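Common to both upcoming complexes is subunit A, partnered first by subunit B, then by subunit C.
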Partner chain A sequence: MTAAAGTTSGRRSPLGAGLWPVLPAVIFLLLFFLLPLAENGLQSLYVTGSDGKAAFSLAYYVHLFSDAYYLGVIGKTIWVSLLATVICILIGYPVAYFMVRHAGRWNGAMIFLLVAPLLTSIIMRTFGWNVILARNGVLNNVLQGLGLIERPLRLLQDPSAVIIGLVHVLVPFMVISIAAVLKGIDTRLEEAAELLGASRWRTFREITLPLSLDGIATGAIVVFMLANGSFLTMLLLGGGSVVTLPLLIYQQFLLVQNLGFAAAMGNVLLVLAVISLFIQLRLIRQDGAVA
Partner chain B sequence: MSAAGQWRRIERRLPALLLLAFVLVFFAFLLAPIAFVVLVSFADSEIVAFPVTAYSLRWYHRLLEYRPLLDSLWFSLKLAGASAVLAALFGVPAALALARSRSGLADLVSTFLLAPLSIPMILLGIALLYKLSAIGLGISFTSLLIAHTVVSIPYVVRTVVAVYRGIGRNYEEAAAILGASRRQIFTYVTLPLIGSGIFSGMLFAVLISLDNLSLSLFFGSAQTNTLPVVMLSYLQNQFDPAIAAIGTVQMAIALVALLLIERTVGLRFMSSPS
Partner chain C sequence: MTQTTPKAQSSAEQAEPGLRLLGIRKAFGSVVALRPTSFDVPAGTMCALLGPSGCGKTTTLRIVAGFELPDAGQVLIRGEDRTYDPPQRRKLGMVFQNYSLFPHMTVAQNVAFGLRMAGMARAETEARTRRMLDIVHLPQHADRYPHQLSGGQQQRVALARSLVTEPSMLLLDEPLGALDKNLREQMQFEIRQLQREIGITTLLVTHDQEEALTMSDMIVVMNRGEIMQAGSPTEVYERPRTRFVSEFLGTSNILACAVLGADGGSLRLRLPGDDQGSGFTVAAAASRPVGSTALVAIRPEHLQVKSVSEAQPEAPRATVSGHVFRGATHVFQLQRPGLDKPLLAYRQVTGPVGETALSPGAEVALTWLPGTARLLEDEIAPEVGA
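For the complex of A and B:
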């Protein structure tokens, strides 16, 4: 603990002296984060044969990438995440823009309203969509009351319910990421463009939007990764209509207890996450270079 | 000229008004599911149905009768509290060292300490189940504690780094110039200054742990069922407002915690990715 205060004297060697207080945390995560993930990677490469002995084999991966069903699941995982990401950008950008440029003293309240849903149980939020989209739910009641439909619509157990649920859970991350970057944009650049005769739309398109691409990218990666890893929304709102990798892992674990195959699917998911993380790190490095 | 000016004014305001309408619809979308769950939790009916005609507290009484829900909430709170304390013990010293270091190694270390946030939780769950079973911990409170601590450390590190960087060196340097020892500086200057950061980092960790299904799922048993695991299995067997009631209770806990964070360090730093 005293060494932590010691670093305040301002003498830091480039070799990272004074960093020893990070050791307990690093060791803990090496043991219970990195090591398990690495062993899990190995585990998926050993298949237990009929003689009960585990032998090195790519069988799980061959199975994953040759079976049309599993290829479809992998494709669907990426597709659903991408779709949710794009919708989050389209919905989140105007909200972030309003928050930074127009909200004024309401900014704090908006952040509170954005963060509060993140801290309610995800099961509760998904249950909420059940209440709204169910056959005798809120939406069908309202639509019938207005005379717009005669019979209740089937809204649940449908891919669109999954997308609605995902966007609802993930859009706050997008808004927060975009708002953080928008806040840093020098508004004098926009004023200059308008003074030079650019329309508001053109100013937005040629000044504000390009400058805020970083925020969109950060938000997109966060949303994509989180969507990639979620299964609860698919489980509770999709009713089997949308099967993605995490949902399949959940089912493999609970019903089939085939942990090796579940581990292999988890590793495919990990590859997607690492690619996203790599892109994110490159973006941060670029930011650092500019700043 | 004045007509043109007026047109220009309307033209200038119209986008802002449309934007305002959009934002209002957005927040309605964001809050509607939560609002309806709260409403349903007070419904006096056997099934989840709309419109709610009569209100009562019967589903909250049901929580008292059907023990698994409240028991698991209590279990989850203990687990969340313990993992937050552990995460603080690991995370705070690391964060203090990282916040004042600019070496390349520090960048690498902080990326590593934040990495658990970027890994699909369900994969981490499987991997940890393997590992912890192999070393004889298996399905136990200790296993859950380890798993939850792994994902709590990033929250503590991120919050404390942000708060400690925001403070700057002046106070500590002033204390050093006035002759305080390192230990004194840490106890009387640094710790009080970052106390709020530690507190909110731990609260975030608690809230994240309370809602963590993907990790807890793999370590569920009659003795080690966390709230989300019990809620999920309840929801798959019956669809009644008891889930709404326990969800509302959990949300009330989270809201109080969030208000505490707002009062201590504010939510603003949340909007800057570290």
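For the complex of A and C:
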């Protein structure tokens, strides 16, 4: 539910245009998005007391933010998402740059290769990593075969597996966001800088990179929010070694069946997403004047 | 191909051209963008590369700038071979078609960019930037961003940015294309004045003949990757060698005339549609066979329209088919048997605009001063004589 927030928000309604055509979408969103959100919010604010009666209380939130364990989980959630985001930027930027500036007629093929993994289910992809990273999986076999390691490495059930899985799933979003902005940068700006004496590297640092920050920001927010809400990767590749909010929600919801507490955590995740979106809007508004 | 102009280093060192292109050739895949092209731009002058899109003028400019490498030939800037230097080392200033100002930098930062890249001290950079902004009349806009400026102001910033580094040459790529007419004329004069004051060798790429005529000391007319004609504006305008040049630079009436006879340095020709009559003479460098067809160009401003009674009886006749009043000139469209396109004639408005006696339908006589009709060099396939 909360993961959906990342994909549906961030669009502005076209004011002034006829509202009738968007009515079905509005009704749909009201019924399946806003109502459950409200329900979720209410649920997190009513705590069932020992007398069996539900009473308005902030107890869940107080619990969430006063318990070191839960604070640690929130911190970890943000940390893992940030790390995945940074790695996605480092991997995604060169790919996007190559795609826009050098791929030429291979550009279409590259976009296809980037998007194709998104067409397979996330479960399939995650299990794919299981096959590769398992104790006697592909990677360990290769490393052992080469004599680089003696005993298989413990790659699964480890934070590094989670990061690998997240980056794999999310890097296309980064590449596409950055490529879209890079494509809009007039190469004549770079030529102008070179003619004014700037080396290739200086041109990149002074012109190309600052002008593509917008794309990095957009990609970073998208990746951060998706990583924040991702659950299967944590569950299947982390195996309990990385406990993040979505994983806790899953536990509270299915195992402990404390719906109110799960709802409270869901709302915290939602607030994180809203804050990221707000930051993105701020960034774009500043740069928007430039475009 | 590598034909050198006679005045090489032997005579005078200071006669070194600001820019010399020797046999520059460039193809993109199977498309030939530039046939072997050579020309000199004398130091301190402005040379316009004029031609329609795809004529090779932009390719030439990009080769001079170092954005493209030629397949063959040499680029000499102030006598130094720069053919394979990267753009960074050529010390050129350039104003791009859309100005290419850095959108994330202020006006002052834009202008200072080249100085900063050269590693100039901060105080010196600031002083020079300020002086340059003074020169282009934008001192109070230093802290604005490009998008906050008008087109003309952006143009001035681009000019300041390209000149502040004291480059050895200035390249202008369609610099005024994005401006409206009045501003364009004003900027033409401003750029020209600045260029003269600094005395910088300048290469201007344009498809606008008026821009080429008003701004430059020398025009190189290009078409399909070849130089059609090069010379001073008056030379190229008054003595176009080919139909292409005479029609691209200004307007011309092109007449396919029958050659009646050759006499020393001139040809006797007959206008299409004339069955008899003694025809008229044009100066000719080379003789043409009698009976062949030769193309003659007459500028509309040189074609004088007279009433039949004023003119000599053998003067060619035409019928006025249209008349437009353009303020400073009257434009007449004239129909004549044997011509598929109407002739154009301009008449200066010299006094109060009264009624012109030449309303559509009137029969008129055509005259022109000897020397204003130019024989073109184009080869004409022998057709059925007119």
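Quick note on the criterion: the second predicted complex is superposed on the first by the 264 of 291 C-alpha atoms of A that agree within 3 Å, B and C clash if a C-alpha of one lies under 4 Å from a C-alpha of the other, contacts with A are read in each partner's own complex, and residues count from 1 in each chain.
Simple rule for what comes next: a contact is a pair of C-beta atoms (placed from the backbone, for glycine too) under 8 Å apart; a residue touches a chain by one contact, two chains touch by 3 or more.
On a predicted model such as this, the values are computed, not experimentally measured, just so you know.
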item	value
Between subunit B and subunit C, more extensive residue contact with subunit A	B
Partner chain in contact with A:T218 - subunit B first, subunit C second, else both or neither	first
Which of subunit B and subunit C A:I207 touches, first, second, both or neither	second
Which superposed partner A:E194 touches (first subunit B, second subunit C, both, neither)	second
Partner chain(s) touched by A:F65 [first = subunit B, second = subunit C, both, neither]	neither
Touching partner for A:F278 - first (subunit B), second (subunit C), both, neither	neither
Subunit A residues within the subunit C interface of the complex	186, 188-189, 191-199, 202, 206-207, 210-211, 289-291
Complex interface listing, subunit B residues touching subunit A	12, 15-16, 19-20, 22-23, 26-27, 29-37, 40, 48-51, 89-91, 93-94, 96-98, 100-106, 109, 111-113, 115-116, 118-124, 126-131, 146-147, 149-150, 153, 157, 169, 172-173, 176, 182-183, 185-186, 190, 207, 210-211, 213-214, 217-218, 227-228, 231-232, 235, 239, 243-244, 247-248, 250-251, 254-255, 257-258, 262, 266-268, 270-273
Contact footprint of subunit B on subunit A as seen in their complex	1-10, 12-16, 18-22, 24-26, 28-29, 32-33, 35-37, 39-40, 43, 91, 94-95, 97-99, 102, 108, 111-117, 119-132, 134, 136-138, 141, 168, 171-172, 176-177, 179-180, 183, 200, 218, 225, 228-229, 231-232, 236, 246, 249-250, 253, 259, 262-263, 266-267, 269-270, 273, 276-277, 280-281
Subunit C residues within the subunit A interface of the complex	65-67, 86-88, 90-94, 96-98, 100, 102-104, 113-114, 117-118, 145, 147, 161, 165
